[in-house]
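First chain written, first letter: the chains are A, B, C, D and E, and each begins at residue 1.
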């Protein structure tokens, strides 16, 4: 379970039928240093936009969030859109990254 | 299963309903070198505070620790607050990081 | 769940019987920086070609995509062939990598 | 499943009740280069000591090794104490690290 | 699921009883750059030798490959011995690493 920033959208027409109609986002995991270059793809049931910070879950939790049962061709999902994140170093991070606001 | 330091709090109002009322912490995994910049988010049923070291578990173990069943939108949780960690290099690490005490 | 580029094919004759007749691809995960050197192997039911970008899933989702039940000797599969990926930095990435087109 | 060296002990009094009475070790994963700084925590049913090399397993395998059923607040365990590891570069590694013997 | 090179053998006498009689290999994951220093341990039902490239699977797939049911103290196994791997950069990789042949 991690916090990441939405950095892109993904479209696919040749795909497992259970992905039909689902929105797929590219998410870059948050670190306390710089953001990493690694990305993950998450199905998003909440309508998160580019630049927003989201909570990403995996496996059974992801299937729960999408609500299409357990026989599905995805295992990563957005389970929350972050309002605010306070870090011990005094930084307060809102839903949209500091450099965008 | 890993030990990490609590470095922040996360709030979200748009979220999977099963996250309602749960406390979410940002945790930075412990290493024998410096602490990494990578962070994870864990649901905390034990009341850990900023700077405390906690044991973080994933998947089925995390769902067990929270006790809301297996149809939930999270898969990482705090399962213990560390009192003490002794390392072979002679370091003894208490619940709060050395540099904070 | 991640997006990666198909960079190779794998053949094996000594293998778990459930791998019989399945196509195995070497996939290199996409990052927003350079591509990493790490690779994963995925069973491909969709016919993706070298240079195409694919969505890779793991565990139960992978078993679902292949449709041979849950008693199988693989746990990674291609669940979609990416048509297009838009990133916030303005890059648009098609199914085949930019340097190949 | 990985081989690692036991580098420390962990104690916690505020914890999930299923951790009661279990011994927790800090384990540093083995690599063919230098040892990494990353550590994991594993429940140990075998009595491994500091400096010994152990086999660490995750998830269902870890729950099996501890034998307290599947509703537990841990998911990493020691499943073997390594007697000997032979590497292709001619190195033979015993249960205790070379630099300690 | 990944391709790796067998680089060693592991022996343990103090271990979970379900590991009795199983062959354990040290495997180094393949990358398109240099090989990493990270290693994993896999139970091998196929008789792979040092220097051979193998397909390694995790979790339920690993338990399937070994065929001792799901109450076992391991979760990584060899599911295939690679005959040949063709990469887009023109490299063809046989079962034994190029530098060994």
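Here, contacts are C-beta pairs under 8 Å (C-beta built on N, C-alpha and C of every residue); 3 or more make two chains touch, one makes a residue touch a chain.
Being a predicted model, the structure only gives us computed values, none of them experimental.
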Fewest touching-chain hops separating subunit D from subunit E: 1
Give the rotation angle, in degrees and rounded to the nearest 5, that superposes the C-alpha atoms of subunit B onto those of its identical copy subunit D. 70
Where the centres are mean C-alpha positions, what is the separation of subunit A from subunit B, in Å? 20
Here the gap between subunit B and subunit E, centre to centre from mean Cα coordinates and rounded to Å, is 32
Going by the contact rule already set, what residues in subunit B reach two or more other chains? 36, 59
Based on the touch definition given at the start, go ahead and assign the chain network to line, ring, star, complete or other. ring
Can you list every chain round the ring, opening with subunit A and moving on to subunit C? A, C, E, D, B
Using the touch definition from the top, list the residues of subunit C that touch subunit A in their complex. 1-3, 29-34, 36, 46, 55, 57-61, 64-65, 77, 79-89
Which subunit D residues qualify as touching subunit B in the complex? 6-16, 18-19, 24, 26, 28, 36-43, 50-51, 59, 63, 70-76
